[in-house]
């Protein structure tokens, strides 16, 4: 049953200036599984997620120590960040489609990698939209502006354009916190379908969501991983008292 | 009751003062428009000079009642077009550097430098043009004098740099951070993100900057007067031939013109006014379409 | 915060009124002696600038309470300004056209030669009137055609309102036929600096503006000097006129004009290189 | 890897463009400073532009020199930009001052002149009077041209000193107060800024308040906004045209400080109206509703809530306007004249720094002096920039991060 390890961090520390946001994180994330990160806001779960595709590089005062192994290779070293991001896609909290047409949005990533052939692009766009369960709703207005779609549709569009990159991992930073329950349900069952092709790592505030869709859950608190294990185990009898207090809602 | 009535009265009085100020402000603005058009169109209405020969004439000899400004329009348009050709690309790329690539400290320093460039009065650009550009153009020009279309284009290009840079830079930094993150997350490089996402998103802001730059270039008088040569006739045939833009024609002769000559200077003002109105209309149209989609 | 905003506004308004009041009162302070007081703001031909400035500063030296300014904007502007009362008096370096005369009290206060100037580096020292006319109308375009080096001639002329221009064009007989690509420069000083800065340039200025930065060519073999203008051998000369609106009798301006025509005034005219009318 | 090459090429172009902009700035400011710095000194800032001639009436009384010969030689108050010492100085006791012969070389003019190099504390020159009896100041580096009618021109220093010594009773000396400075232009610029702001600010701000707070939004307000927008783009030469015909000729305000500042005030109006409106619009309507809900009148709401929040926007608008007035030339050329003097009354002409820089560059072709004036202008512009930066940060009470 032991699955292949996709990400493996070795005492990973992260500092914003002199504030330490992550304290010696050691975590192994398995392939083709949904791993959820939960914890109070400001506990560093999003910061850790953004380390996995080096999005934290955009922030000037960030300093990272320790290793993050992706398929055994440390991504903190001087690796090609562009290539890393084509293999590790990311979906953000607030849907952020580009102010272009639906087609252009999805074709954006492959075009940046140099794919020019029209027919291949069309096929890729259609496949991605089908995989993102959005094809039926937009198939006849592909060249309309993406900004005209609803919140839920926009988020699925972002998922579709990430899929179009054929990544191995999809990171999701609270993808449904800005969506209504119906759209959230659609995204959740989409994720359960996607997990057979991609490793999914999701940060979420809602523990019900973590319970429903994730195989493993990690509980973050004050920059540390308090507990990490199979989701049913974490939610029924957590080993650490702090996890139990958080899950039962005794503290913030 | 008395206090309330007095308070109400005070309110009304001050509101009327505001209204008065608004009216005076508006009247003075409209007065100029009306004044220029009234005086500018008078010679044609009383047909003491034909509009057609005014707009198409290529010689300006007030002494012998010849007032043609076509060669001036060509001069103004060529000078402005040249300035845009050189100034706008440089300005937009500088704005990209400040907004996207410079660190916060370097960005601040360059932004201050550009603001300083914008603050310098246009006369000093003219003095710079007279001191450096005209002698330089004289060296490389087949003609015998440095004052020329080329010198004017250089001076105007330098002058519109700050306007276009500062407006483009503000609209570039107004592009939401999420677009950049989205693009990076899809494996696009910094340059690709800038040229494929950020620039298109800030297009209308940049267009506004460019159009205001054009407005300033067409409207410039003092700096241009020192470097353009002000010939009395002749459509510019080469970069080195002299030009007399519309604005300098007014400034040169307004002091001593009288009668029809003076009215036709107002008409030159009307032509300029119409140019600017068209430009401002374009600005509003673009800003509206930006808000629209 | 809004209180400070009102305070700023009030102080601005008070500041303006004080300025306005102080401004108006200071000018009509009665003088002790019968010396002249008041403001004289003249304007017009740039050719007369040197003589008028010198006369003005002498006049204010003798009458400390009088304020005198003169802005050189061209003869026609002087005429227009004097008629519209935007100037206390106007000056022109050409005769007035008939339609310009009504309502103006005119007096000739000096005569002045017109010097044809070239760059000191130019080898040409003499030009005939015909040659000059051909140069300014564009028939002759290269210095070699008049005995100079092989280089294009850059003609520098004055703006349309200049008295020196209309006088020169009349005297050389090419009125309104100036060649199209002549460079137009505003004012004698501007023409002088342009000719001084361009080896191939030729222009014309008042004799009072000739100094070591430019050389005056001889016309028909006659040197451009005050004596030659006096003995009529140098024929390019024109009157300097001063005039003001008859209806507007302003004692200060009248006093200045009397001073200018007086013996002391004429001494200044000669000192500045003009030709006095008294002789 | 096509992408990496293209990326580096694009990055190169961007750096090149920024390099061009910066080098243009450094080249222009550098040119102005290099050309002009030579003419900027204390005299440049404290003297008027034109020299002033007057006759000084001085009592003839002997005052012996209180310092020794050597100390007298140290006293060289000459304007080192134009003047260089040739002879002297020689102390003349019946005027209690020392005179020296200097050559004056400025642009194309060059001549010799007699200059006062040192004045004793109780010298008769200190209480000289002019022909109307008004007391008058004679300072060092003033030129003396004649005494009791006889000119010093052509005399050697010793002959001149002897001439002064054997004058009996009252002396009538022709004195020239040196020019070559921009004090008058600086003060005229100050007057122009103050006057045009006093006219434009109330009109602009109150007008904008009416347009945003009181006027019903609709065609009327939009047309005004469009007119303001258009006129802020109009070149100032057209305002000059209007100013000359309306203020100078029609209202008979002559070419003067008043017509100049009225014309500039109209130029400032669109700028102030637009930026005040923008500042007022940034104030969220919830603030207004909150204040009205507490029973405040519309006026109290405006002055107590809306304006304080909009003050930073208005402050920058005011500073922008000052910058525009300092930089204005085309409009002022036709309405305020090119005479370099401190306007005595509101109706007398006077040229601001920028107009003077233009006049000097065009009329006398004197690039150095124009650049020297340019330096003073650039310093003012820098100060204004820094001020507006501080103002907008400090006053930013509303959205303090």
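Quick notes on this one:
A, B, C and D label the chains in the order they appear, each numbered from 1.
The definition used in the following text is that contacts are C-beta pairs under 8 Å (C-beta built on N, C-alpha and C of every residue); 3 or more make two chains touch, one makes a residue touch a chain.
Note that the coordinates shown come from a computational prediction; the quantities given were computed from them, not determined experimentally.
Chain centroids computed from C-alpha atoms place B closest to the centre of all protein C-alpha atoms shown. Taking the mean Cα position of each chain as its centre, A sits at the greatest distance from chain D.
Inter-chain spacing, taken between the CA centroids of chain B and chain D, is 26 Å. One simple way to say how far apart two chains are is to compare their mean CA positions; for chain A and chain C this gives 81 Å. In this assembly, the C-alpha centroid of chain A lies 62 Å from the C-alpha centroid of chain D.
One simple way to say how far apart two chains are is to compare their mean CA positions; for chain C and chain D this gives 26 Å.
Residue positions 112-113 of chain A are each in touch with at least two other chains. Touching two or more other chains at once are residues 3, 202, 362 of chain D. Across the assembly, chain C contributes residues 73, 186 that each touch 2 or more other chains.
Note for the complex: chain C touches chain B at residues 73-77, 80, 151-154, 159-161, 166, 175-176, 178, 180-184, 186, 198, 200-201.
Residues of chain B that touch chain D in their complex: 7, 10-11, 14-15, 17-19, 21-22, 24-26, 28-33, 35-36, 39, 89-94, 96-98, 101, 110, 112-117, 119-128, 130-132, 158, 161, 165, 189-192, 194-195, 212, 215, 218-222, 225-226, 247, 250-251, 254-255, 265-266, 269, 272-273, 276-277, 279-280, 283-284.
Put simply, chain D touches chain C in their complex at residues 51-55, 108-109, 130-134, 136, 174, 191, 194-195, 197-198, 201-202, 248-249, 252, 254-255, 303-304, 307-308, 311, 337-339, 341, 343-349, 362-365, 397. Against chain B, in their complex, chain A makes its touches with residues 53, 55, 58, 60, 82-83, 85-86, 89-90, 92, 94, 96-100, 108-109, 112-113, 145, 147, 158, 161-162, 165.
Contact residues of chain D toward chain B in the complex are 3, 6-7, 10-11, 13-18, 20-22, 24-25, 27-29, 31-32, 35, 202-211, 213-215, 224, 226-231, 233-242, 244-246, 266, 269-270, 273, 297-299, 323, 326-330, 333-334, 354-355, 357-358, 361-362, 367, 370-371, 374, 377-378, 381-382, 384-385.
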